Amino acid sequence: MFTYFHFAADETLTKAFLNSGATAIAYETIMLSDTSLPLLIPMSEVAGRMSVQEGAKYLEKLHGGRGKLLGGVPGVEPARVTILGGGIVGTNAAHIASGLGATVNILDVNLNRLRYLDEIMPKNVRTIYSNQYNIQELLPRTDLLIGAVLIPGAKAPKLVSKEMLGKMQEGSVVVDVAVDQGGCIETCKPTTHENPIYQVDGIIHYCVANMPGAVPFTSTTALTNATNPYIQKLANQGILNALKLDEYLLKGLNIYQGQITHPGVSDAFNLKYTSPGKAIA
Amino acid sequence: MFTYFHFAADETLTKAFLNSGATAIAYETIMLSDTSLPLLIPMSEVAGRMSVQEGAKYLEKLHGGRGKLLGGVPGVEPARVTILGGGIVGTNAAHIASGLGATVNILDVNLNRLRYLDEIMPKNVRTIYSNQYNIQELLPRTDLLIGAVLIPGAKAPKLVSKEMLGKMQEGSVVVDVAVDQGGCIETCKPTTHENPIYQVDGIIHYCVANMPGAVPFTSTTALTNATNPYIQKLANQGILNALKLDEYLLKGLNIYQGQITHPGVSDAFNLKYTSPGKAIA
Amino acid sequence: MFTYFHFAADETLTKAFLNSGATAIAYETIMLSDTSLPLLIPMSEVAGRMSVQEGAKYLEKLHGGRGKLLGGVPGVEPARVTILGGGIVGTNAAHIASGLGATVNILDVNLNRLRYLDEIMPKNVRTIYSNQYNIQELLPRTDLLIGAVLIPGAKAPKLVSKEMLGKMQEGSVVVDVAVDQGGCIETCKPTTHENPIYQVDGIIHYCVANMPGAVPFTSTTALTNATNPYIQKLANQGILNALKLDEYLLKGLNIYQGQITHPGVSDAFNLKYTSPGKAIA
Amino acid sequence: MFTYFHFAADETLTKAFLNSGATAIAYETIMLSDTSLPLLIPMSEVAGRMSVQEGAKYLEKLHGGRGKLLGGVPGVEPARVTILGGGIVGTNAAHIASGLGATVNILDVNLNRLRYLDEIMPKNVRTIYSNQYNIQELLPRTDLLIGAVLIPGAKAPKLVSKEMLGKMQEGSVVVDVAVDQGGCIETCKPTTHENPIYQVDGIIHYCVANMPGAVPFTSTTALTNATNPYIQKLANQGILNALKLDEYLLKGLNIYQGQITHPGVSDAFNLKYTSPGKAIA
Amino acid sequence: MFTYFHFAADETLTKAFLNSGATAIAYETIMLSDTSLPLLIPMSEVAGRMSVQEGAKYLEKLHGGRGKLLGGVPGVEPARVTILGGGIVGTNAAHIASGLGATVNILDVNLNRLRYLDEIMPKNVRTIYSNQYNIQELLPRTDLLIGAVLIPGAKAPKLVSKEMLGKMQEGSVVVDVAVDQGGCIETCKPTTHENPIYQVDGIIHYCVANMPGAVPFTSTTALTNATNPYIQKLANQGILNALKLDEYLLKGLNIYQGQITHPGVSDAFNLKYTSPGKAIA
Amino acid sequence: MFTYFHFAADETLTKAFLNSGATAIAYETIMLSDTSLPLLIPMSEVAGRMSVQEGAKYLEKLHGGRGKLLGGVPGVEPARVTILGGGIVGTNAAHIASGLGATVNILDVNLNRLRYLDEIMPKNVRTIYSNQYNIQELLPRTDLLIGAVLIPGAKAPKLVSKEMLGKMQEGSVVVDVAVDQGGCIETCKPTTHENPIYQVDGIIHYCVANMPGAVPFTSTTALTNATNPYIQKLANQGILNALKLDEYLLKGLNIYQGQITHPGVSDAFNLKYTSPGKAIA
């Protein structure tokens, strides 16, 4: 199964790695000049697409859901999906929800992004400005709520409080793709593929932290496509040269010759931080 | 301007025509074996498409409407259009409403028709079974209501009562395309292009009886296309032969050699009826 | 939860019903002149749409599947779905599979049906003539195989043998919607929502016999839409008159005044059969 | 009703405001680094979408138009819409015209913009390079001409002279969305919602300067979405700090503590100008 | 290469066959109750799709064409394709022309067919009633004219005379798919794949009689799909039984035990005709 | 016919031009700051669209191709088109291949480009990351291979070797649009419109170097649209001023007052190079 880990979450590992003298470059910390994280995008695409499939599944009565088919059938109104966030996760979720035939609302505060989505999305996707008023107005007529707000390097903002969730009908489903950054829905906490759901006030919560792990064939290929240019640089130029020539790759350097070169890791264990530029100089 | 008239509505005309000895074949009474009226279909197509354009116009604040743009804009939810009837009028209305970007509900009791519409309509059109429960549930979230239920040769059923209309929000708009057959919305009565609208309980009513008259270029061409095969038969075979050879054309015969051959006309003025078959025998 | 039962499957029930003197009209035996079963269509629509959602779910690695996301992501080829049968089940399955972004093959022996599907389906759906050669050729590049061949009143033909299934890759998924009529894939036998899947030679089989039971909100509404005209007739005309006036409803009569009026039921228990027409005469 | 006013158009108001000591920030003068005017975009979107609805209306015979239905009907060729300018107004107009079923030509001199439009527009929209030859060639087969050329902070160029208009057929309609900047069609001068149209040489001119005012529900919401981030800054940081921290907001400052800080206003009344940066220093 | 022949075109062959005592069933004379010819449909589909590909090719300057790319490019208006006939050939041609990005007109006298095409065709396809006025009006702005009018068992009507063709611009292209039934364009006469084109008054004529012969992989598969049910009947039931049990297959019987059983063949050589029913009795 | 020439390819011409004292600005060397070549884009668009039309043509049996119709017909699987490169050529090729009904794979190493294509392309276009593994895996199931990899100012990389081509089936077709830069398929060498194809190991190669020359009507118009702004500058500002004011136009300067100002030309004939900036100073 596809997995990845973070130094900051495991002190023993980190210290062992430091002693080994090996060089560690972390996918998830490679960052471009526009603060985008190119090696996380594929996972966001997979998670966004999966979030709606999973939501559809847990709307089934068997799992406590409302027993609504996302796309309805001729003569029966389809379910309504509300997606918080129009970035990569939200856009991919909207494509799938639209393809399944649901009536879809996608919310964002970035009007230029909404304009683009309005131009390229199928007609059952409606773009709506994201604010408390609109979210509250939509919740009573939302069968599936997707949390898709991720702010690189920061906690996701809490857009939906436990109280607001009370406006949703019993048996509705919440999927929070941002859950491993704290989630943008207050009642969400990480779950696993083995025990993916729990209920709060009759609302099903699906909050698997590592969704893409369920489809490793697709996820691994997607990730490999994204990492490939960096792998080629490392192989062709050597690690040191590659780091010197590519400032974005350098941002991914976490440990180099026994030094911690990422503040997230040094902060976590109160160890000494060396800037990556200085470490490889 | 494109116009047509009915004998049953004008006694003087009818009697003058009877005395003239001329033969009268009425477009609107030519009927195929499946009871469809081939020479009325083009007018239903024009009226269906116009109904949404007119509805969009009268949603403007200036005319007392809610001031909503049918398609919304990025970030602002579009208006909601509910269409009663999935026949020719309703289908054409749905195409235009969908094209303008509205969220569209189309209702009918014929499930096979809804299945077909579900297959060919853009994704912002939702098919919903027509019953009192569904209509009542939709009215509060309907900005534009189109009445498109026509039953050939019969009064349109009253699907929306004055009381039900109270569920709509002030400034909403009702367009009843069936108004010249009595209308399927209780509060609708025929209006003219000169005074097209009136209000009932704050709801704008647009009920022009002869909508296609506003676009004679299109209406006349469409009608000519449909009448053309009959005109050719009359010209090539002579009136008498054409009537003998085409039983559907014969159904259109209203007056022949001083005899009334359509029960609608004879009933209207309490005159003697002769069956068309006997008249031309 | 939505449920229904068949007399032919329960002798005790049948005899008790006979003794009660009550009248039994069975939804699933109402048949139109073209042998279509109008009250089963909604369930076929729901099952067709669900079949792909379930298939997508069980392609996940966690359940033994290949770990492929049905729609892929940019840069990664989507999964391939092959649907046997282009009727109501197959058409609804194809819409969902296409909406999820898969590459879809839909097979049928009815070329006119394939022509219609070719005209209305999105471009990632390819119509293919159904024969052994084509099925065998498609199996090795099929990730999800949907059995959607139902012949009213007859056992589904076995289109895919256990041996042919060997051509599919390990971790592929089979969903047989025809399973309650014997299934069109040899290795399929009915399962339940509680234990929905089993494996044969590494291929996941999802064969829940009553799929629509998982989404009762949608299924019940859809079924009610279809039964509504019959309920209205029974209520307005009385049972006896309704049966006399509607020959299709009469075909649904199973038990009338202690007599068995459907050959399926009388055959099952070797009891006397009375034709429905004679019973109500 | 949605309204806005400009200081430069009202000397009394301006002087009263100066004396009041209040701070005035004008929506329409907030400008981003790429010279786009973020608070005017929503109004351009509304106006673009409305322009085609209004044009369709005035093509009706009743108003002097050609009596053509924009989308035609099966068997009758649709009307042809030519849109000058592929920016926000033109793109929104094209979406609506396409949705109504017209054959649409959209012209621009920016080939990269035409390439993008070619990729995202429905197939009845054709992109055409904007030059005198092409415009002249299109006019005789244009039923509805939309002027959508706006150059921020400058007069719209006159693309269609009165003489060129002579190539259009009588009863054609011209809508100039750029009319409040002088218009890109020579014969256009601003009109009002009360008297929206006039004729020149048999061509209907619809030139309402404040189109979005007709749909205040949509316009106000759209505008609020766009202004919201600025309002939040003003509320959270205080006016002075907000102006200091956001150079784009500062461009919107018109009057500050009795000083005129926008050259457009000072020029209009020959009053003293203070640069906004200096005023708030 | 895919080929077929007709008895009526070869007396020697016919007489040799008669003497052989063999049974001859001709694909092209199998006819259903609605007079459709099921085994000719696949060839019409192939020919319809190919007709536009070939037309696009011969619009190239090298072959004498106007040098226009069918779909244009951004900024350059696409070519215009006019298709005479909305049956199988015309519909398939329209799909391809639309897919290539052309502006497409499809003409037919059957309004119900035009209504269906209006519902399922992409938006760059316009349905127009077929009459002399409309054809003449379209010719000057037609770059590629497709003749697609076939009347089963009858000569195609001449819709475009040599004189009318004079309205087309030099270098335009005509493809007449109906050419082997005489063609619906006066100047068309059959050509071969080896010498596919000729010019009349500067108009390129592509009139290959056996277009599907160029793509035998597709044509043979398509034809086999259509013939398969008949082959199975012949194999399973024996020739005689199959002919007795299937009245449509019987219509395909041309020669049986030395008797000519199709009037087209007997008429051609002035030989005795025996009705197929009598021959197999 | 549309033609263009390069100094670097003709020494006599170059020297004559030098002596004439005239100023030469070459379309193909005008370059924007992002290294795009604005005056070559239109030709790439035309070539991309034509490449699939030509490929479809040469798949015909007559020319040695597989005899497959690109779009198939209902019941027969369409052909498969693989496009190497998702830039302007590849995107235009994909639109046409998709429109013809093929199953299309488009490959690129730029994931952001693939993401955009995934959003705007029809559903029968699949985006696939470009690497040797994927190309090799696709070749056996590719009927038409389009080479569309162009790197401005550099030789196209050889993505497909002669050996790899052996994986394609006999009668498949290769079109290399990059052939005038060396081609991205090893076996490709330039051909002419007069002798457009040749075979290598049973694979048809279409490698016309100047494809747009076949459709001069479209190509010339497209090119004129792109050159127009530069022509206007030259006409309005005079050559010298225009070159001084527009650094991109200056990059197009090849010869000025007897001096060679483009390194490509001076290198070709071992003549003296003067920088354009210095030449016009």
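Labels for the chains are A, B, C, D, E and F, by order of writing; each one numbers its residues from 1.
Just so it is clear, a residue touches a chain if its C-beta (ideal position, glycine included) is under 8 Å from a C-beta of that chain, and two chains touch if they have at least 3 such contacts.
Because the structure is predicted, anything quoted here is derived from the model rather than measured.
Visitor: Taking each chain's centre as the mean of its Cα atoms, which chain lies farthest from subunit E?
Guide: Taking each chain's C-alpha mean as its centre, the farthest from subunit E is A.
Visitor: Quick one: superpose subunit D on subunit F by CA and send over the rotation angle as a multiple of 5°.
Guide: Resulting rotation angle: about 120 degrees.
Visitor: Give, as an integer number of Å, the spacing between the C-alpha centres of subunit E and subunit A.
Guide: Roughly 55 Å, centre to centre.
Visitor: Using mean CA coordinates as chain centres, what's the gap between subunit A and subunit F in Å?
Guide: About 39 Å separates the centre of subunit A from that of subunit F.
Visitor: Please compute the C-alpha centroid of subunit A, do the same for subunit B, then give the distance between them in whole Å.
Guide: Spacing between the chain centres: roughly 52 Å.
Visitor: If a residue has to touch 2 or more other chains to count, which residues of subunit B qualify?
Guide: 42, 45, 72-76, 98, 101, 111, 115, 120, 129, 221, 225
Visitor: Determine the shape of the graph in which chains are vertices and touching pairs are edges (line, ring, star, complete, other).
Guide: Topology of the interface graph: other, matching no listed pattern.
Visitor: Any two chains that touch count here, so list every such pair.
Guide: Taking the chains two at a time, the touching pairs are A-B, A-C, A-D, A-F, B-C, B-D, B-E, C-E, C-F, D-E, D-F, E-F.
Visitor: Could you list, by residue number, the parts of subunit D that touch subunit F in their complex?
Guide: Per the stated touch rule, the residues are 109, 111, 115, 119-120, 129, 131.
Visitor: Inside the complex, what are the residues of subunit A that reach subunit B?
Guide: 72-78, 98, 101, 103, 105, 111, 114-115, 117-118, 122-124, 126-129
Visitor: Inside the complex, what are the residues of subunit E that reach subunit C?
Guide: Contact set of subunit E toward subunit C: 38, 41-42, 45, 91, 120, 221, 225-226, 228-229.
Visitor: Which residues of subunit C touch subunit A once you look at their complex with the stated criterion?
Guide: So the residues of subunit C in touch with subunit A come to 1, 42, 45-46, 49-50, 53, 56-57, 59-62, 66-76, 92, 95-96, 98-101, 193-194, 213-219, 221-222, 225.
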